[in-house]
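Structure incoming, see below.
Labels run A, B, C and D following the written order; every chain starts at residue 1.
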Amino acid sequence: MTSMTPPSAAAPLLEVQHLEVSFPTKTKTLVAVRDVSFTLHRGERLGLVGESGAGKSITGFSILKLISRPGRISNGSILFEGRDLVPLSEQEMRPLRGDRISMIFQDPMMTLNPVLTIGTQMIETLLAHRRLSRREARDQAIETLRAVHIPSPEKRMDQYPHQFSGGMRQRIVIAIALLTRPSLIIADEPTTALDVTIQAEILDLLLELAEHEGMGLLLITHDLAVVSQVTDRVAVMYAGRIVEIGPTEQVVHAPQHPYTQGLLAALPQTHAGEPGTGRLAQIHGIMPSLYNTPPGCAFHPRCPVRIHACSETVPALRPCSQTGTLAACHLVE
Amino acid sequence: MIAFLIRRLLQACIVMGVISLIGFSLRHTVGDPVREMYGMSVSAEVRAEARERLGLNDPIIVQYFRFLKNAVQGDLGNSLFYQKPALEVILSKAPATLELVFTSALLITLLSVPCGIYSAIHPRRLLSRIILGVSTVGVSVPVFFTALMCISLFSITLGWLPSFGRGELTPLFGGAWETGFLTWSGIKHLIMPSFALTSIMLPLFIRLVRAEMMEVLQMDYVKYARAKGLSERRIYWVHAFRNTLLPVITVGGVQLGILIAFTILTETVFNWKGLGGMFKEAVDRGDTSLLVAYMVVVGALFVVVNTVVDVIYGMVNPMVRVVGRK
Amino acid sequence: METLFFILSWTQPTINALAIAALSLFFLWMLGGRFLMPAAWGRFADSHLVYSFRRDAVAKGSLGILLVLLVASFACPWIAPTNPYDPASLDLMMAQTPPAWMEGGEPDQLPAFVLGADDQGRDLLSTMLYGMRVSLVIGIGAVLLQAVLGIAIGLTAGYLGKRVEMLLMRLADVQLSFSTLLVAIFIGAMFRTAFGVASYERLAVPILICIIGLAEWPQYARTVRASVLAEKKKEYVEAARVVGLPAWRIMLRHILPNTLSPVLVISTVQVANAMMTEAGLSFLGFGMPVTQPSLGSLINTGFEYLLSGSWWITIFPGALLVVLILSINLLGDFCRDVMNPRLYKGM
Amino acid sequence: MKRLLFVLVFCLMLPTMAHAKTLKLAMDADPESLDPHVQLSGGMLQYSHMVFDPLVRFTKEGGFEPRLAEKWEIIDPLTTRFYLRKGVKFHTGNDFTAKDVAWTLDRLKKSDDFKGLFEPFTVAEAVDDHTVDLKTSKPYALVLAMATYLFPMDSAFYTGTDDQGKPKDAIVKTDHSFANKNASGTGPFKLVKREHGVVLELDRFADYWDKTSPGNVSKIVFTPIPENAARVAALLSGGVDWIQPVPPQDYPRLEKEKNIQLVTMPGTRIITFQLNQKRKPEFADPKVRLAIDYAIDSVTMVEKLLKGAATPAGQQGPEGMAGFDPALTPRQDLEKAKALMKEAGHEKGFETTMICTNNRYVNDEKICEATVGMLAKIGIKVALTTYPKAQYWDHFDAQIADIQLIGWHPDTEDSANYSEYLLMCPNKDTGFGQYNSGNYCNKELDDLLMQAAVETDQAKRSEMLRKVERIAYEDGAYVPLHWQNLSWAARKGVHLEPIVNIMDFPYFGDLVID
């Protein structure tokens, strides 16, 4: 990991500023992500939480500049190790992807190519970024498989993805992400497609490895429980915007934004956290589609505590005096 | 694997049996071979005698068992027209067709894969549109039209290429196979027929490769391959392309079989003395014993081709395990 | 037998009537839908399909041309200058009349003989329209038959596996060994024996649909089976099975949609192929009756005169066929790209 | 001595070698066999004229010219004596003698195809080595015509058993036989190589007896090209030097080419429709038959559909044949046809069926198609079905339709042959009227033909045959359409014209190439 240009120690690992991602369509341009800013430091773990469609995955993909057509980054900057990725070309992005920044996808069934052995899929990643012999790459791959607790990795290198269980496959995906010792891993819903028991294992593994290697982790999930287990800080997204961001502890225990509160109330009470009143609460209504985002605060039609201003002006992120978190709500002081 | 092949072999035998039975019971509809064997002025009695002598008057079931008995010993009967064992006739005509089909298959592969992939990657580019459009013209024009236009241009007007036959041949394997690949004349004779054959098949394959490729390109694993920082070339050719192969190979297998068996029009127009021409001649002359023998051989051919295709499935897509299944 | 004859002899009129009805409904809907059912129309107009369609000049062009051709061919009894299938209208003296604007043309007989006449003295334009109708009915009919047979057999074989699969796939091999030509000879002979010589002209279209449909289903069957083999190992099929859905439901609702892409590709190309096959059968003497030439057989006969100067007999129908098939294929390409659920994932 | 011979032979060969000419020839089919007695067909006879020689052969004008027989005389009404050419050798080097002629006639009488034609002949008696008597059971008018079919074979070569232990002289149609694979005749060309259906290669026979022949072709490469367009393309592209037959639709194209010569000639194959009186009672009325004859405009058909590649016919035998009557011209009159229909009480017309071949005669399908149109104009609605030739004749014999197409070429090149097969009352025992699917039956006509068969006075015989044609014409016994023309095309420099004739047996031995 030191082979790349040494970043200035002071600069954060990743700094996203005013990111805006839009999809031009026939009538208007849909903005899927707007004015998203956050910072991720070396070795830090940041959670990105929200319902599906909130724009969290698109945010994740836009860091690798892998937004599917016709989407594009229409504004903002993404500073990775001090370098802005937005203006970079495909050719310039390629050495970063999979090397400095690795990504873990949601569904390990779909992520691994069914017709290639996992050995092939691991080795090709190494060979794409390192000058290694096939032999060396293979050894390194086996080593990494062992690190993610795959039993008898030598044998399993030559097997195809469908010969593995879901949890095993996700371990392999994690192994591939770790192969090049990246400084940032973006994990997009890494446990959603897995059984609950395996979820915990995978999360532990992620946590263990991230700590061990000192990598930054951007964990994208809809599950606040997962976030509270793993991350240092959390950002909550709603309809393309960050509505609350701060240390995980604070956000989970003292949510400021009504949406965050709602999310937490919807959680079963199995965690140390206290919200909930016996039965599961739910947020009424659904998240607006990008076609008809309401004016003002996008959450106001569902908000139990909305005031007049909510439907008129978009609230900015403001620091909350008590917790030190930032929240975008007119009611936060 | 060996058990699988043996099973297929048995199935091939059954297929051949069924084909010969159907062929036998329907062959009278193709025509009366005795008519073609005698001049018009020959009396009806002579023809009746000939029919009797050839055993054509026996009940079909008797004829069929006679045929089966000989077939078990490798004798599929005599071609009435060629005056020799039908199997010998078929084998002597096979090299011509196999070489033609092989060349076309090669051309189709070399053209359809890059064209299909290109138009899948850039579906809206002008060049993709042109590829799809122009290739469609190939199927919408009868093949004899294409063939004769080629002849008219390259043989008659320009005088570059010969219009018929196979040219100078080189005997291989002690004369069992005469190849046109080894002489310049043989290759020149091959150009137009294989092009004509290619033109009818190409659009299907370009479209198949393209459609499958477009689907595969949307798959997560392709996006993931990008996220791994792989080169475009590797993404398209290793990750995406291999996943597109299944339907392409299936259709390819069937088409290859059909080409080998029934390239009637192309062979006719280029006077290419292969199996297709032989088949048409057998139909024209009512050479029913050659026809039945030929169908039996073709049946075996299809079983073989499809077995090979099934084996290839297992190789390109490990999810499909045809071979290992009981 | 009588009933069968009755049914078969009504096939073509029925198809024609259905086609005309469908076309008129389509236009009614295009024109009236906007006002009569604004809600449904609005949803349709907002759909991805329509949106992509509006942005795609090629698709718009193809659909336009195809509609014009469809209307022209199914309305041929009303718009064609003459009825070329009526033998009494044949005038051999007019044989090979050049197009009206050429020397030797018959401009005073307009609209008849605008594009000249064929070798039997039929008005070429009328013959092209009538022939296109025959070609379309045969092409589409045969492909439908092939697809239905092939998909059903392929799904069953791939899903059930084991003995059934072996049986069905070997059946496909048997079928493949009987080329279209042989099937044409066999079935043609059977029909002629069953219904007599006189009936052939009336039965030719359904017979040809049967022949081409029967002869070429294995291609579909094998393709569908291959996809099923790849699909059925996937978890969603396993899940459906565990839930206890009946086999046919799993096949139809879960597996089939995932195998459609190659099926659609084959179908669009196959429509062209079926028309060509019919032309090829005519070439070999087993196609439409000579008194009712299809577009393909018109090209065939005209071709013999191409080099001797009467180029119009083959070039005009040829161009029409190319345009027809091109528009079907380009539209097919477009629909496949846009409608495929696996391709269109929105955002 | 040996050396001298070698030098001599070499010197003799020099001039031929200097002019080594290869003729690349393409026809629609190659001969069915190498054994001339296996099948009676145009292709076999064309082949026979290359590798064998007949006793006599037709000249271009229809007369006879001596070949292996130098002269002949009629000794008595049942015997014709042939004086054979001396010093003629077979390709094997065997000498040709009267014994070979006798042997060949014996063999012809064993051939299924030829025994019918040679039925009147009883035996060929060798008087001496170079004299042979052909004997008939009854006086027979066509002895010389039949002698054109007598191609003496090398009896020594064809005697004994082959390596499979089968007799070498066996005539086998569908299986291996010695004669199917080997040939030795006295003809101008000898067999080099044959691949059935692919190529036949012949070399000039160095010891050919006819030193006066101008022919200078030293090698023939004969490729069958069944597809019309492909055959024409092969000629146009220079792939072959000579093609036959030429499809009529390509006449204009070939005539335009400066480097191609096209020769056509009226042939003897008549194309007719037979109207089945038993199946369709309406056709029993001569008025209806005549109406149909009047309605079908064969002149326009020939002009438009056959591009003039045929001669419209009003009778069976063409000009030059014994029974030809110039007064019997093709009928065409639509108004008259309608009037006749009205007279016959069919003003409104009726429905009927028709079958035709679609790959047997030149543009047969188109002719039938046009006929349907023409008959529609007099109210007859025809349901037409076409069959390929392999299926056609069974249906023809079964008489499955009211109107059936048939073409006929007399093997004897004689008028009587048409009527014997097509018009005489069908009789299973005698075999007459074998192809009379119209079921026309007229005692007077039958009697005339029986008399003509034994009449050796050519003038009297011709009168009888003319009367036959007249009766059939007046009765509308059948519908004559046209005689197909024969056609050949070759590149410039191949002297095509002198060697072709109305029998369609080009005498390639006499062919000169510049």
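Quick note on the criterion: a contact is a pair of C-beta atoms (placed from the backbone, for glycine too) under 8 Å apart; a residue touches a chain by one contact, two chains touch by 3 or more.
None of the values given here were measured: they were computed from a predicted structure.
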Chain pair with the higher count of C-beta pairs in contact (B-C, B-D): B-C
Taking all protein C-alpha atoms shown, work out their mean, then name the chain whose own C-alpha mean is nearest to it. B
Chain B to chain D: how many Å between their CA centres? 38
How many angstrom lie between the CA centroids of chain B and chain C, rounded to a whole number? 24
Whole-Å distance, chain C centre to chain D centre, using C-alpha means? 45
Centroid from C-alpha atoms only, then distance chain A to chain D, rounded to Å. What do you get? 90
Any chance you could list the residues of chain C touching two or more other chains? 185, 189, 233, 284, 303, 307, 345
Two or more other chains are touched by the chain A residues 68, 162
Within chain D, the set of residues that touch 2 or more other chains is 229, 359, 388, 391
Would you tell me which residues of chain D are touching chain B in their complex? 32-33, 39-41, 112-113, 115-117, 172-177, 180, 196-198, 223, 225-227, 229-230, 233-234, 236-239, 359, 388-391, 393-394, 408-409, 411, 417, 421, 428, 431, 434-435
Touching residues on chain B, where the partner in the complex is chain D: 29-32, 35-46, 49-50, 54, 78-84, 144, 148, 151-152, 155-156, 159, 162-165, 268-271, 273, 278, 281, 283-286
Under the stated contact criterion, what part of chain A meets chain B in this complex? 64, 66, 68, 94-99, 102-103, 105-107, 110-116, 124-125, 128-129, 160, 162, 176
In their shared complex, at which residues does chain B touch chain C? 11, 14-15, 18-19, 22-23, 26, 29-30, 123, 129, 132-133, 136-137, 139-145, 148, 152, 200, 203-204, 207-208, 211-212, 214-215, 218, 246-247, 249-251, 253-255, 257-258, 261-262, 264-265, 279-280, 283, 291, 295-296, 298-299, 301-303, 306, 309, 313, 317, 319-320, 322, 325-326
Chain D contact footprint on chain C (complex, rising order): 86-93, 95-96, 119-121, 185, 189, 192, 196-201, 284-286, 289-291, 301, 303-305, 307-309
